[in-house]
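The structures come next, written out as structure tokens.
Shared between the two complexes below is chain A, which has chain B as its partner in the first and chain C in the second.
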Partner chain A sequence: MTSIAFWGAVELGLVYAFVGIGVYLAFRILDFPDLTVDGSFPLGAGVAAVLITSGVNPWLASLAAMVAGAMAGLVTATLNVRFKILHLLASILTMIALFSVNLRVMGRPNIAIITQETVLTPFYSLGIPDYYVRPAFVGVLVAVAVFLVARFLSSDFGLAMRATGANQRMARANGIDTGVHVYTGMALSNALVGLAGALFAQTNGFADVTSGLGTIVVGLAAVIVGETLLPSRYIALALVGCVLGSVVYRIAVQLALSADVIGLKASDLNLATAVLVTIALVLPRLRGRGSA
Partner chain B sequence: MIRISDLGVVFGKGTPLEKRAIEKIDLEISEGEFVSVIGSNGAGKSTLLGAVAGDVLPDRGRIEVGDVDVTRWRTAKRAGLVARVFQDPLAGSCGTLTIEENLALALSRGTRRGLGLAVTRARRAAFVERVAELGLGLESRLADRMGLLSGGQRQALSLLMATMTESRVLLLDEHTAALDPGMAEFVLDLTRRIVEERGLTTLMVTHSMRQALDHGTRTIMLHEGRIILDVSGAERAGLGVDDLVEMFRKVRGQELSDDALLIG
Partner chain C sequence: MRTLLLGLAAAAAIALPARAETVTVAVTAIVEHPALDACRDGIRDGLAAAGYKDGENLKFIYESAQGNPATAAQIARQFVGEQPAVIVPISTPSAQAVAAATKEIPTIFTAVTDPVAAELVASIDKPGGNVTGLSDMSPLADHLALVKEITPAVKTLGVIYNPGETNSVALVARLKELAPAAGIEVVESTATKSADVQAAARALVGKVEALYVPTDNTVVSALEAIVAVAEQNKLPFYTADTDSVARGAMASIGFNYYDVGKQAAEMVVRVLKGEKPAEMAVEFANGTDLVVNKKAAAAMGVTLPEAVIARASKVVE
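On to the complex of A and B.
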């Protein structure tokens, strides 16, 4: 693997770290299996790309992508909390709907922004190679996100959100309006995924309506690999684990793809991811049975 | 203070499985009274407690807690007035959160939860003090996950959590039924101590007549969704389990069939 390929994998891993954190919030904190992310990732990318090509400040465009993601999360939460649709099904409905919405937003399946000014443009002129600038820039944003989310989850409000996912009955008995916390958590989760989409578009120079396929599995892979590498009861470390998991996962994929011996093609990526996540899910269970 | 008037609860209304869980209950519990509730399975004990807590919405009647009409309030809204301990030791706390995080959750019951840190240095110091009063040595394990503790330890902490903030009413739903005898005794003693110290208005559901008579200041017996016995003061002081059975028979004109009531 070349140095450029390595740093490319790190960069992609850091972009998807936002997805990892988002999926962690939904799956682990709220216990809400949320497939909305497959739609909110390209939504974030599309919103950012459309705004950037029409001359909007790229930071504002990225913020708009987060708001769009949050709204997608709120739709899923409303279907579940207000209309009592099973959480998994609610998220699938939103995901499917978002495919059409994303085509409407973008107006076409693919938008190139390679020549446009992005949040990264000012840093390209620092005289450092681009393939260092991108992961460094995204890494700083990830660090800020980890700090803010960890701080949020340690607050009274955040703790109530964790209780909502862990034990709804106990949460209500302690005066916690569980609905409010599902709404907030799902909005936050999908806002982070929307931001990931916006950053993906800006680091790669395009937004594509099909880029969301399997986002949930990649996010889960980050969470699970992170939990294996960095098992911790501390929320901040668990979030760092998601970031680490996402980066390690991307490097592993890059290694597998560049090793000619294995004979994998780029198009085998989704299969490889699904197999990896399945193994990670099944292994702890098999281990438990072995010792029993 | 709790005032329940003309309460009626029907489950599965209009279906073949319709069940009148509470036929008609009128009950007034004054400030600081400790009422134990007994009755056989299906008598309506848990439904009564659920109705006061807000988990069960009544079909008829009115529930007031401290002069506030809470009949239509949801559980979370009532939580500022009503604290409770569940039968299942796992139900009252979050196993994935640490002890101090659970305590912090309970501390904010009935208040707006903001973005301030949940476990601060000052709060932790207060937690250490409160948990030490239990005498279980848990004050040195505040950063441990709740899930690591035994059922008895968790139930003792649940009781502590329920009484951490000022609330008007404490509801105990067979809160020692799932514990081993030694731990059950410990939690009951703890209950007595806390209720007396705070002068809490308490409603305790139990399966054991012995427990019902040994604890509290007043005992009511439910049968088929009605109160069939209500004793307190001198009348209650002289009562034994046999007397209760006799009174039950007199009131209902039938043999007490549920053996579980006689045990213990």
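On to the complex of A and C.
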């Protein structure tokens, strides 16, 4: 693996770390299996790309992408909390609807922003190669997000949200308005995923309606790989684990891409990735058994 | 004797200038499907025909993103790290990912319909950067000429497409620009999913004298629904892709993607010989394969001119 390929994998891992944190919030904190992310990722990318091409400041465009993601999360939460639709089905409904919404938002299936000004443009002129600038920039944003989300989850409101996910009936008996916490958590989760989409579009120069495919899988892989590599009861460390898991997942993909030498074909990529992630999950367990 | 050897060596050096070293060409596609795979094989064979043989003096790398734009971005980084002589992305998202990953390595895209809208090149004639390539824009003028040749009486042409597909929207806009010169009026009918295609075709009955379908994934996947409407109402049915003719359309002029790949390989060879992509105008796929369907023509009330049948590279009976 060359260093450009390695830093490319780290960059993409950091972009998808926002998805990892978002999925962690929904899946682990709220206990809400949320497939909305497959739609909110391209929604964030599309909203950011449309605004950037019409001359809006890229930071504002990224913020708008977060708001759009939050709205998508609120739709899923409303279907579940207000209309009592099963969480999984509620999120599937939002996800499939978002495909049409994304086409409407973008006006066409693919928007290019390669030549446009993005949040990264000012940093490209520092004289440092692009393939270092991008992961460093996204890494700083991820660090800020981890800090803020960790602070949020240890606030009174955040603790109530964790109680909502841990035992909803108990939380309600203790006077917590669980509905409000599901709404907030889902909005926050999908806002982070929308931001991931906006950053993906800006680091890669395009937004495409098909880019949401399998976002939930990547997010879940990040969460679970993170939990295996960095098992912890502390929220902050669990969030760092999501980031780590996301980066490890991308490095696994990169290794799979370089695996042609051992006779694998291009079409074996997904299988090779799955095997590598499995190894990452199983190794610590085997080691643990050895020492016990 | 010595001069003879020297002479031979010099001749060899002239005839085989780049043979001493191996060049690397890295090819990537967004997904594996018959047309894109044929394109990839065309690139490899085209390079071989120009003297760059895989495994001898050429290292031919191929990766598929398996339909995932995030993986396409990773493949782009992987290729940039390996510093090949030329990168060849097949399809728009793959090309955009490569263009975002490198501003230096020469890149020859292919199977991209509108490279200017995709921001891959500044303009068709002067790309300006490290990226140029081959557009698979349909030969729309040839299609209109074919309509005029087989059915000269046609004044209104009904076009069925999906407004959600970038390529189709671009193609229909261009078709509407070209049609008046051929004395044809274009009437649009849209279908956003394959289940709506039959209704879209029916909506055109009585308004148009012939039907046309561009290279639209949604509509082409429901082609048989249009064939039925065309046959019931005796409407000549033309398509932009030649494969649809065997499925019941009447006639088409198009290219096959193997030849598109070979044509792209010629551009790659020019870069390997030292040309700069910034100065190389974007080329368009040459579409010359005329395919007609006699049975469909009869069902649609059309007699195919002998000249057309004689010229056709394939006749479906």
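We adopt the following convention: the second predicted complex is superposed on the first by the 260 of 292 C-alpha atoms of A that agree within 3 Å, B and C clash if a C-alpha of one lies under 4 Å from a C-alpha of the other, contacts with A are read in each partner's own complex, and residues count from 1 in each chain.
We adopt the following convention: a residue touches a chain if its C-beta (ideal position, glycine included) is under 8 Å from a C-beta of that chain, and two chains touch if they have at least 3 such contacts.
Predicted model, so just to flag it, every value in this text is computed and none were measured.
Participant: Of chain B and chain C, which one touches more residues of chain A?
Facilitator: C
Participant: Quick one: classify A:132 as touching chain B (first), chain C (second), both or neither.
Facilitator: In the superposition, A:132 contacts neither chain B nor chain C.
Participant: Examine A:266 and indicate which partner it touches, taking first as chain B and second as chain C; both and neither are also allowed.
Facilitator: second
Participant: Going by the contact rule set out at the top, does A:8 touch chain B (first), chain C (second), both, or neither?
Facilitator: In the superposition, A:8 touches chain C alone.
Participant: Would you check which partner chain A:103 touches, where first means chain B only, second means chain C only, and both and neither mean what they say?
Facilitator: In the superposition, A:103 contacts chain C only.
Participant: Touching A:115 in the superposition: chain B (first), chain C (second), both, neither?
Facilitator: In the superposition, A:115 contacts chain C only.
Participant: Can A:123 be said to touch chain B (first), chain C (second), both, or neither?
Facilitator: neither
Participant: Quick check for you: in the superposed arrangement, does A:205 touch first (chain B), second (chain C), both or neither?
Facilitator: In the superposition, A:205 contacts chain C only.
Participant: Identify the residues of chain A that lie in both the chain B contact region and the chain C contact region.
Facilitator: The overlap between the chain B and chain C interfaces on chain A is empty, containing no residue.
Participant: If we count contacts the way the header does, which residues on chain B are in touch with chain A in the complex?
Facilitator: 53, 74-77, 79-80, 83-84, 86, 91-98, 101, 104-106, 108-111, 113-119, 145, 161
Participant: Flag every residue of chain A that touches chain C in the complex, lowest number first.
Facilitator: Against chain C, chain A makes touches at 1-9, 11-12, 16, 103, 108-110, 112-115, 130-131, 200, 203-206, 208, 210-211, 213-214, 218, 250, 253-254, 257-258, 260, 266-267, 269-270.
Participant: Which stretch or stretches of chain C touch chain A in the complex?
Facilitator: Against chain A, chain C makes touches at 32, 61-64, 66-71, 73-78, 80-82, 92-93, 96-97, 99-101, 103, 117-120, 164-166, 169.
Participant: In the complex formed with chain B, which residues of chain A make contact?
Facilitator: 152, 154-160, 162-163, 166-167, 169-178, 233
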